[in-house]
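Handing you a structure now.
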Amino acid sequence: MTLTVRENEWMYIDSVLSSALKEDIGSGDVTTSALVTANRQSGASLVAKDDFIVAGLPFADRVFHLVDPGLKFRSLKKEGCRVKAGTVIATVSGNTAALLTAERTAVNFLQRLSGIATLTRKYVDAVKGLKVKIADTRKTAPGLRYFDKYAVRAGGGTNHRFGLYDGVLIKDNHIQAAGGIGKAVRLARMRAHHLLKIEAEAAALAEVSEALNAGADIIMLDNMPLERIKKAVGLIRGSSSGVIIEASGNVHLDNVRGIAEAGVDIISVGAITHSAPAADISMRFD
Amino acid sequence: MTLTVRENEWMYIDSVLSSALKEDIGSGDVTTSALVTANRQSGASLVAKDDFIVAGLPFADRVFHLVDPGLKFRSLKKEGCRVKAGTVIATVSGNTAALLTAERTAVNFLQRLSGIATLTRKYVDAVKGLKVKIADTRKTAPGLRYFDKYAVRAGGGTNHRFGLYDGVLIKDNHIQAAGGIGKAVRLARMRAHHLLKIEAEAAALAEVSEALNAGADIIMLDNMPLERIKKAVGLIRGSSSGVIIEASGNVHLDNVRGIAEAGVDIISVGAITHSAPAADISMRFD
Amino acid sequence: MTLTVRENEWMYIDSVLSSALKEDIGSGDVTTSALVTANRQSGASLVAKDDFIVAGLPFADRVFHLVDPGLKFRSLKKEGCRVKAGTVIATVSGNTAALLTAERTAVNFLQRLSGIATLTRKYVDAVKGLKVKIADTRKTAPGLRYFDKYAVRAGGGTNHRFGLYDGVLIKDNHIQAAGGIGKAVRLARMRAHHLLKIEAEAAALAEVSEALNAGADIIMLDNMPLERIKKAVGLIRGSSSGVIIEASGNVHLDNVRGIAEAGVDIISVGAITHSAPAADISMRFD
Amino acid sequence: MTLTVRENEWMYIDSVLSSALKEDIGSGDVTTSALVTANRQSGASLVAKDDFIVAGLPFADRVFHLVDPGLKFRSLKKEGCRVKAGTVIATVSGNTAALLTAERTAVNFLQRLSGIATLTRKYVDAVKGLKVKIADTRKTAPGLRYFDKYAVRAGGGTNHRFGLYDGVLIKDNHIQAAGGIGKAVRLARMRAHHLLKIEAEAAALAEVSEALNAGADIIMLDNMPLERIKKAVGLIRGSSSGVIIEASGNVHLDNVRGIAEAGVDIISVGAITHSAPAADISMRFD
Amino acid sequence: MTLTVRENEWMYIDSVLSSALKEDIGSGDVTTSALVTANRQSGASLVAKDDFIVAGLPFADRVFHLVDPGLKFRSLKKEGCRVKAGTVIATVSGNTAALLTAERTAVNFLQRLSGIATLTRKYVDAVKGLKVKIADTRKTAPGLRYFDKYAVRAGGGTNHRFGLYDGVLIKDNHIQAAGGIGKAVRLARMRAHHLLKIEAEAAALAEVSEALNAGADIIMLDNMPLERIKKAVGLIRGSSSGVIIEASGNVHLDNVRGIAEAGVDIISVGAITHSAPAADISMRFD
Amino acid sequence: MTLTVRENEWMYIDSVLSSALKEDIGSGDVTTSALVTANRQSGASLVAKDDFIVAGLPFADRVFHLVDPGLKFRSLKKEGCRVKAGTVIATVSGNTAALLTAERTAVNFLQRLSGIATLTRKYVDAVKGLKVKIADTRKTAPGLRYFDKYAVRAGGGTNHRFGLYDGVLIKDNHIQAAGGIGKAVRLARMRAHHLLKIEAEAAALAEVSEALNAGADIIMLDNMPLERIKKAVGLIRGSSSGVIIEASGNVHLDNVRGIAEAGVDIISVGAITHSAPAADISMRFD
């Protein structure tokens, strides 16, 4: 997974950024329109006010561009790098009124995404040296999943499926509805297209065995205590099945390394997207 | 400010909720389509997994409704009330497949909004007994301002302006661009329509005096240390001007009461919308 | 209020202009497609066919641009200036087919906006020398409020609130619903955000007093005969309250100066947007 | 042409009405939200404040419905009928807040459309007893053509083509571009599909003859003085061609009958849509 | 009818092409994102894999442009020309990832439109030397009518009306609803605007006479056997009415010349748009 | 894969159907509006005019519903069943004008989808008794993929991935860009999320071996002659890897059984969506 924004993604990105601008600007920026003459030019800096991992500069750049294509944005830091309070992470210059009108929306994106990247990096650092991946979930802010998942990658995390459409994940309610884990995995294999793997959730060890026998490609250990995780990993690895093991639920910064050391392949953490505090960034005029 | 969702707001709300659903569902919920027969019916509960202030049930209700108008949603708790872990806050029943497909989007709204309401309530409680109001800012998640501001009200907070279009707030960069605070206030008075008040930001006491003399309706004390806030309040109240005083910047749960006691009218806090951890809520099938 | 179109407004403007073009062009301009070869180039002039105040050239320019970015538009007159019949107000040249297809939509905007500016200017001229402002209302053509209000400014008028969202204006029905003018003003003060003033409508002198006592920031004298307006102004000015006085209803070109001389601050006139006859403009090929 | 709104048209109508509501309501009706409790019910009447021809009640009805499907609207007058000042033309009742929020948008449509119908009727009455039709043009308010043309029908007028896509009308610039009127008519006949007639504009009598010889189905006498119109009609009728004759340009209430008596089939008048003063209508609460 | 894409049509074209891209790309091209580095450049050729008539290159060009404005597309063949298997019809070069992501959508348009042009040309060739025109119908792929009708022109065919809005075509059900063909034609003449001709459908010779008497401008011979077509043509031509004759229904490549020789003006064929097999085209990297 | 249309899919379906209706109706159905009185009621039947597999009735039903919710549609045949010429497959009754306006769009969907289902069924029947699946490709009509893929399922086929976003399929150009098949598979495994399998295309036997060694989950035999397919299947099955085998390219009704008998798991056929002739269906009024 990379941080490159592909050309084909701008069409979508622009629609979200434009909505965000519309939400803030509405029928017009009354303060700026009243006070700032149309031709005035300024330069400004985006400044870190605490320590964090940078994420979102390409989107901040684009927000300014959408308000006024004449604004010049220059990123001074790479996405995913760590900065200290006081660092200028980007500069932007051009029409003063446009700068003032775009400021809040651009900074809101930067603060949210850098916040997510920063929390993700903490989890990634906590498992340093181990082969496990830290993954996100679908617990993202409604309408911002593309951006939240980008920030997870900037933080060194990895993305889980993007939505309900690009991955099969059989949860307990699906199992109940299908009438058992074996039947569920078989049905999924038959009805989902052949390019999708089948992941099944298991809370008890018996369920792990069942999922294993049913031929699941991935088993998610759901909300298990550490001891049970260890046993489950033993069970699965012992079966020489090539099954991928994911742990999820009740993962915190202080227990994530333990879970990782139990030998799972992936640990997914909802908090990195739904509970990351915003990074503190402000725009300062020269 | 009330928690009533007016009839005329559903048109907008639905467009945001539909986008969120589209983001998650995309070309279809492959797991549910494969496993759950079309006619199966179920009941489910939305359960609090920690203690929080409830916010967002009308939107969760609507998410389920948009996926399948046949689903029946029943709120068991009032918006803005405090619940303990284990409380069932709502039930929803009907077509099993629809429940499963809508679940994540509905819960994502609930978790975010309840999280914001919960953090807001902490600030509100911290200034209990004083006449001050806790207000939000424009530091909301892009595209979700309507919802974030609703959650602030559910938490007992008050809303600041909604965007750049419905309030004049003169910041230091505007002042610089206009050529002084007096000129800025006068220009704003002349060019903004007559139903808008003029708020000006001041960081130093000299600026407070200047804003006062310029006839600002509201003065925002920006990032001032507590001692300076006290002096500023004295200065303003001494002028018998009827000016409203707002404090903003570097407000935390441990210093908010001090600031309130200094006698300001409004304290605005970015963190309640940009850094509130999500409440923990899950949907449990019967 | 200025005539500058801010960069951030084009996004919205373009959506309205594009809709208007789509409305006229539909599945294609069958006449032009049949008759005009693809490469033919022409020049044309936009000519005043009676005397009026010019408004709308930036939008006419953009209409041509949206149909064909290769068209070159040159404004020969400033927005808000008075022109005589026969004056060329702008020229446009480039692809002949594009000129013909864009013509009607561009001219429709120009005719409407110049018509509004012209009628507004008549009211503004009628109160020349007095400190009063001529303001518009929300009685604009559905979907064209941004443009209609722009034309009012071009005519020398001032804008009232833009919609229901950026100003509190308490009308008799609100007062009745709230249970009295005092209660209404107090509720509005409490529930609307602190950057908004409170305007209340009064038809009788008793209501003026009540609004005054209730602390309204602005009082609108609604449909009052001139004598009553004079008394109301006396009452309000006598209270040394700093309250702004607006007169509205049954304002015509032959009574507007009398109302102005009574000492009100603002006179709002629905007719300038809903009943202004179009200016006569046509596009003439060289 | 009828006044029936077909089922398939509501999809389009709703999109325009919704945009108009969004334009006025934006982020919310701050006055009503502050003052009117959510459950309050009221009844109101739409009252004529001068004499006019009614047009637009189905759209006013729909505006109220879009804001709140619970509102009950009852038309008391038929579209196209004449009413005196003081007449109640419709009643609407239900949620008070919804009534107040929808009021302006609903009335703006009614006032504009009734104004157009009223002016159209004046032209229709002026040619009473003659076989001529009064038609509109494409000089409608941008984005409101559907509605403006509906109002013309309500006034007793007839609609010309709806846009550039559903009729061939060859103007002088097209003729010049095509290289002569004969060539233009021939090209149009060849390239436009076979269900479209060919109308050509003529300003001089020589052009009328040319158009006649070229086989135009309809000839538009453009801006001709009355004497020339008479000669042109003689010329065309003398040719026993079955050609339809349209007069356009510089048509006023005081010369329209003369033009009609000259024997043309259709008189098209831009003013009925671009310069009709709004009818005066207000909503009065019971 | 020409193959020129007018400037004003791109706005619409782009919206369809963008939807098609969105349909294919969704949340991202996972294969290309994983495998192709962001800066890699390539060149590719669009190659005919069987013999066909080329149509759609301007749209393929635009698809590539929408994905990445940096891609360079070069058409090597003219629209409407015949190519042999193995011919390179266009080249495109630039960013490799963008090429791969755009490929399928661009080729899907090319294959469909070239397929339609190819089948249309077969019908056109079958009536070579006769004055008849081969026309399309409204039996196009939903959402693609603009493109399908373009391809018909590329194949040498002619377009019938574009939709229900730009032509009157009275079918048997309309006749029944109106109460007879005479009444139907009269009503249509009265109520449709004067720039539209009236076409009526006839299945029996009696109906042809009736339509003729009713003054229809065009008579469509619907699903008639060849002998009846001949008689109908005789009947109509004998009336010296200038009526246009269209034949439709059960037209195949092996009977189309016979129908044409019967002397009709237009033969409309649904199959050319709804049943044309796709041309075989593939994109080959250099 | 099932034929159930899930509740959450209607939001998307409606947007496509509405666009299709808008495309056909535009500014109004001029024929029906002129001829059919507003209240007239009729009943009609949708009749098969040749033999085919039925597909698309739920969408036809919805088209009628979108034009007029009062229309009653009754399916008489199940999706995917075979009907003979002359069979009434559905009836629809209600407002005559609405029926006439909706007819073409509804039937266009039915004809296309039934055509696809019919051709798909021919392939499915050709491999009857064998364990192979007939799958579609991304060669669908732009904007109609959801519908085309539905029709494939109605015909008894199976769906391949829906777009570029829900499956990894490594083609020769990807391999070249990645620098070899081994590297490509490894990169895909690392960068795509863990719920996606990796499919790689191979044209030569050496490539099959390479893909096998690289650990591809699925190998697509691209455009191979039958003998090579047999060898490739032998190679892969001999490796006891559990790899899925797909054949694609140059598949026709007369060679599909041979390919199937070679032992592949899936045969994907572009023709079933891009070259299926439309089924012949017409709407007949009672």
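Odds and ends about this structure:
So that you can tell them apart, the chains are marked A, B, C, D, E and F in the order they are listed, and the count of residues begins at 1 in each.
One rule holds for everything that comes next: contacts are C-beta pairs under 8 Å (C-beta built on N, C-alpha and C of every residue); 3 or more make two chains touch, one makes a residue touch a chain.
Predicted model, so just to flag it, every value in this text is computed and none were measured.
With steps allowed only between chains in touch, the distance from subunit D over to subunit F comes to 1.
Shared contact partners of subunit D and subunit E comprise A, B, C, F.
Under the contact definition, subunit C and subunit E share the contacting chains A, B, D, F.
Two chain pairs, C-D and B-C, are compared here, and C-D has more C-beta pairs in contact (counted per touch definition above). The angle needed to superpose subunit B on subunit F by their Cα atoms is 120 degrees, rounded to the nearest 5. Per-chain Cα centroids separate subunit B from subunit E by 53 Å.
Separating the centre of subunit A from that of subunit F, both taken as means of CA atoms, is a distance of 34 Å. The set of subunit A residues that touch two or more partner chains comprises 2, 25-30, 32-33, 101, 162-163, 165-169, 191, 193, 196. If you check the complex, the residues on subunit A that touch subunit B are 16-17, 19-20, 23-37, 40, 42, 96, 100-101, 104-105, 108-109, 111-112, 115, 138-145, 162-174, 176-178, 184, 187-188, 190-193, 196, 270-271, 274-275, 277-278, 285. Residue ranges of subunit A in contact with subunit E, taken from their complex: 2, 4, 6-9, 11-12, 146, 162-163, 165-166. Against subunit D, in their complex, subunit E makes its touches with residues 1-2, 158-162, 165-169, 191, 193-197, 199, 218, 244, 246, 265-266. The residues of subunit D lying in touch with subunit B in their complex are 18, 21-22, 25-30, 32-33, 38, 66-68, 70, 95, 97-98, 101-102.
Residues 26-27 of subunit A touch subunit D in their complex.
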